[in-house]
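My structure is below; once you've seen it, I'll send some questions.
Note that the chains take the letters A, B, C and D in the order they are written out, and that residue 1 is the start of every chain.
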Amino acid sequence: MAVRAAVAGASGYAGGELLRLLLVHPEVEIGALTGNANAGQRLGALQPHLFPLADRVLEPTTPEVLAGHDVVFLALPHGQSAAVAEQLGPDVLVVDMGADFRLKDAADWEKFYGSPHAGTWPYGLPELPGGRAALEGAKRVAVPGCYPTAVSLALFPAYAADLVEPDAVIVAASGTSGAGKAAKPHLLGSEVMGSMSPYGVGGGHRHTPEMIQNLSAAAGTPVTVSFTPTLAPMPRGILATCSAKAKAGVTAETVRAAYEKAFADEPFVRLLPEGQWPATAAVYGSNAVQVQVAYDEAAGRVVVISAIDNLAKGTAGGAVQSMNIALGLPEDTGLSTIGVAP
Amino acid sequence: MAVRAAVAGASGYAGGELLRLLLVHPEVEIGALTGNANAGQRLGALQPHLFPLADRVLEPTTPEVLAGHDVVFLALPHGQSAAVAEQLGPDVLVVDMGADFRLKDAADWEKFYGSPHAGTWPYGLPELPGGRAALEGAKRVAVPGCYPTAVSLALFPAYAADLVEPDAVIVAASGTSGAGKAAKPHLLGSEVMGSMSPYGVGGGHRHTPEMIQNLSAAAGTPVTVSFTPTLAPMPRGILATCSAKAKAGVTAETVRAAYEKAFADEPFVRLLPEGQWPATAAVYGSNAVQVQVAYDEAAGRVVVISAIDNLAKGTAGGAVQSMNIALGLPEDTGLSTIGVAP
Amino acid sequence: MAVRAAVAGASGYAGGELLRLLLVHPEVEIGALTGNANAGQRLGALQPHLFPLADRVLEPTTPEVLAGHDVVFLALPHGQSAAVAEQLGPDVLVVDMGADFRLKDAADWEKFYGSPHAGTWPYGLPELPGGRAALEGAKRVAVPGCYPTAVSLALFPAYAADLVEPDAVIVAASGTSGAGKAAKPHLLGSEVMGSMSPYGVGGGHRHTPEMIQNLSAAAGTPVTVSFTPTLAPMPRGILATCSAKAKAGVTAETVRAAYEKAFADEPFVRLLPEGQWPATAAVYGSNAVQVQVAYDEAAGRVVVISAIDNLAKGTAGGAVQSMNIALGLPEDTGLSTIGVAP
Amino acid sequence: MAVRAAVAGASGYAGGELLRLLLVHPEVEIGALTGNANAGQRLGALQPHLFPLADRVLEPTTPEVLAGHDVVFLALPHGQSAAVAEQLGPDVLVVDMGADFRLKDAADWEKFYGSPHAGTWPYGLPELPGGRAALEGAKRVAVPGCYPTAVSLALFPAYAADLVEPDAVIVAASGTSGAGKAAKPHLLGSEVMGSMSPYGVGGGHRHTPEMIQNLSAAAGTPVTVSFTPTLAPMPRGILATCSAKAKAGVTAETVRAAYEKAFADEPFVRLLPEGQWPATAAVYGSNAVQVQVAYDEAAGRVVVISAIDNLAKGTAGGAVQSMNIALGLPEDTGLSTIGVAP
């Protein structure tokens, strides 16, 4: 009995990656594919890498088109998910890949997004403490942002084990697909190739409150985050370098032990052997997360590095993983930890 | 009943890509993995993207280690396959991803490789006329070179339909993985990023006689090839631009009809809709081949462009496809036409 | 006594590169800088690499603003140069970096550009036979297209020396800056990184008639050109692979001798030593042209490869070189053959 | 009267960049060029972008070859400079682009480099407090490391103005040329393109004590540094993201004022206008440093970002700048703040 899935926003990068994953998901049958500006176009022209769907034509994003599915994935611009979700009925699983339902604090939402808060849905990061329980049987799922996925997985064990002080410093490099498919001059190949540049410096990035929410929950106390995202000359991948001051008594051994314990049973997160460091190339196209941790005694800080594929585990893979849990399927159904390299 | 497969040369790019494909092949069980310089090392250190095999340890390439498998893949430097193959017995399927057994003409081999010719095995390009028949039930398979795969698939329909003169001009761009994993100064990232450069100009590239062999067979008459390979600043992919003078009476319609017919039933080759052009990004990580053809009336030439992933369809995917045919499995078992993009 | 130069279209890639060169030109004083959509903006925001001009503000492209200069460079979209040039008076040197005045044949212009032909100006490729004489004292200069620069320099010696047949086959790879700074989805970094793709296949590229014009002049007989441009994942550079069938009696020695003679006294074109091949990285940011030639006896073709920087020698450097000649300055004033590598 | 300069180690990236700069330096005449493994080779084969030096042949690095120059630049592997310098006599200006003479603390040297300390030379970062005075008339100069250049310039104003706490957190991304030209597997284009990865995490990078030395001097108190370098998929450039906890009473205004004051008269360092962020592309090939600073009130940290070209200002440009000061030439002679972009 196949799960019938619709994808609203199938022409963008998140939608395309989701379709790539759903095509190999053994329990899913791909239903309606919608777009707005691109409705009426062949998917082969928009997503030429999705050979088996080349002759599918995008439909408009309407309740009629999205009706009759077991799962509807929303890969829409921020602020548009609530209106669509309302029309879908309470029995349909709605997985929102946008930001609309991630934050618990309405004031945070309004400060960072400048619009009324739509609400809060179960949060699709099962590896967090209590994360899986929140998703089991859920009918609504808010897929985390790509940076919060990389950062929260890197740092929550340190906070959960009370190893570090509650002020984290994070610098992350992202591939350009994280900025989407809309044509903007600063995202031209001519501009990004050969260049590293920061943006949203000083606390302005919209993913900051989401990280704070996750890390504060793990710590049981408010955590502050200094977050600097940078744009890297590569299409995919996030490398997050995260650190916080070590609490008294912390040693390299206690740090490593905490991380080994945190990820011991995780199907997608791998704490690398000592001496090996994450690389985004190693998780290209996969749902895997590479993590490594170091205790810098001279600086008195715990440094954690994580690498994910921003479109896979960071968006579409995380969405499928949460869908699996919500539907009661084995969590790793249709998902892979095998990257494409070199 | 699983097919048990060994891979000799599992630490290189071809071996790594093969393992990536075998890991998702439903009929294959991965057996021995061997290396020479790298024997004794964890695969996780050498191929960190192959998460599920991270704890496997490379063994030396010996007959004892390779014994007891149904299929042995050889991803060895040129000239080493014959000695290993001899020790494997006639009932084992041996799939050679090196060049040793591709050429029929011993003089060609000796001229281009400078060593005695080891012999000729069934040629693993099923899309060529008669290609599948040659592979059915075979116990030895010579996987084509990456450039000859891209070029032969682009041009054989024109030659088979007698549309063009027997002197072809080919310029192809390849990603750097085609040059292998051995550290050489001109392959450093610092050297290749931001640069296009040719090599083996003027007929010197070893893949030239292989192209001539394939195209001459399709044409039924000797074909000459002017082949210029270029190194492109990307890890994977081949874009081959191939042309030949049109014969009298050829029109855009006859050209298109010949290509539509040639690829109508091919599971992996897609003649794109008119107006859409191949891009290596669209076949990244997939076994698909994108082809487009144009008749340039002013220049009097038929121009055919093909795009493949040099490591997938161009090496390891082609190897698996041929293995499937040789073993009597459905040809597309475990192979995908879905690329990873962007 | 400084030459006072204005640049119309200073916000784009061609305009920016021109300013980079003019800043170090010992005889030039940079005057008005104009833009249209960007008028009123600081140059520091648009061309942040041009530190010394950061506080200059773009003015609108009007006759008043452009008045009072010795030289006016036009870096405008195709079709806009004639109207601006008319207003500048016959004594001002006008150097058009667009296509409007390159072609001699009005029918060619209309076929490829779809608008009335504006006329023909002296052609700014001094290395062509008679090229310098046409530029001395000129008051109007049409700067060649980037592809025609690379291709004409590669092939004219073979045609001038009657070494090859009059049907040339050209495949060229260009960096993305050749496509300009206007934001289009297929030029996004996410799309171009890791990808090679062709465009304008089958004779459709607008630079084709310009190549034909140059090569036919060199040959003294009509030449046909099969031209396939490809987009390469790098910001700058053109690598042109050009070939034609050798005439009877041609040998490797006659070919090399012709090229040595053609470029013996050229300040910017370097025929590489035998065995060394051009690379776009070696001419990054420089006005140099690297050329290498091979005679492929088996295929019966002469193969010539050239590498240029599409923005430097291919556009802005060529413009400065022509300005120097037109003004009676030493041809290499302010121009460099030193690239930035790696 | 020209300054006659020799370059020991002319075949590597630092040596090549130095030659690129010396070629346009109006007071320098390029003398002997030496190499070890590459002695006897044409420079055109090793540094093909240096057109005017193509026919120069590398000589062995001996006292005889290096004799008779006013300045000798050493671009040698770490640990080799002292022996060469000793043979050059006290009146020759020796500019060491290696690490040997950067550190003041012998114990630091021995801990990070594992060999006896060679000594301490005047430090070639004139923008630091007291930096110029230390270089005037010097006969020995230790050129800073590339990371310490980017980081020290970013953070010293905050420490000099007592704005931040003495524990800095730094994450920097470097292009691959920083790792040199020696062929190592992890530096292959196939490995680095499309990948971000850290190295030397947790305090192990050799540039750490050099940063601590500079920042502690600026602060007048010991500073600790948590430094994480990452390898970015680009040939050149460093983007350093540096932060420290703000002291009480600090505001956005006090921070900006401190930076404006620190860089007001600097010829090569530009504090960008508010709202504009550094990008490595903007300083490609130039000696300029882009800096921007933010005060993140929520996180309580001052965040400073700097971008340099690791080979230019980070190595060879810094060397030329220091040479100019040591020789009494205007500091910016032969140096440019104009980058090559896109």
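The working rule: a residue touches a chain if its C-beta (ideal position, glycine included) is under 8 Å from a C-beta of that chain, and two chains touch if they have at least 3 such contacts.
Just so we're clear, the structure is a prediction, and the values are computed from it rather than from any experiment.
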Quiz item: If we look at subunit C and subunit D, which chains touch each of them?
Solution: A, B
Practice problem: Name the chain whose C-alpha centroid is most distant from the C-alpha centroid of subunit D. | Solution: B
Quiz item: For the chain pairs A-B and A-D, which is connected through the larger number of C-beta pairs in contact?
Solution: A-D
Practice problem: Averaged over CA atoms, how far is the centre of subunit A from the centre of subunit B? Could you give it in whole Å? | Solution: 35
Quiz prompt | Separation of subunit B from subunit D, taking each centre as the mean of its C-alpha atoms, in whole Å | solution = 45
Practice problem: Scan subunit B for residues touching two or more other chains and write them down. | Solution: 13, 175-177, 188, 190-191, 193-194, 233-236, 279, 281-282, 284, 342
Quiz prompt | For the subunit A and subunit C complex, residues of the former touching the latter | solution = 13, 175-177, 179, 181-185, 187-194, 233-235
Practice problem: Flag every residue of subunit D that touches subunit C in the complex, lowest number first. | Solution: 13, 16, 20, 23-24, 42, 44-45, 47-52, 54, 177, 193-194, 235-236, 270, 273, 276, 279, 281-286, 288, 290, 336-342
Quiz item: Which positions of subunit A touch subunit D when the two form their complex?
Solution: 167, 169, 171, 173, 175, 188, 190-191, 193-199, 201-203, 224-228, 230, 232-237, 239, 241, 243, 245, 277-282, 284, 292, 294-301, 303, 305, 307, 342
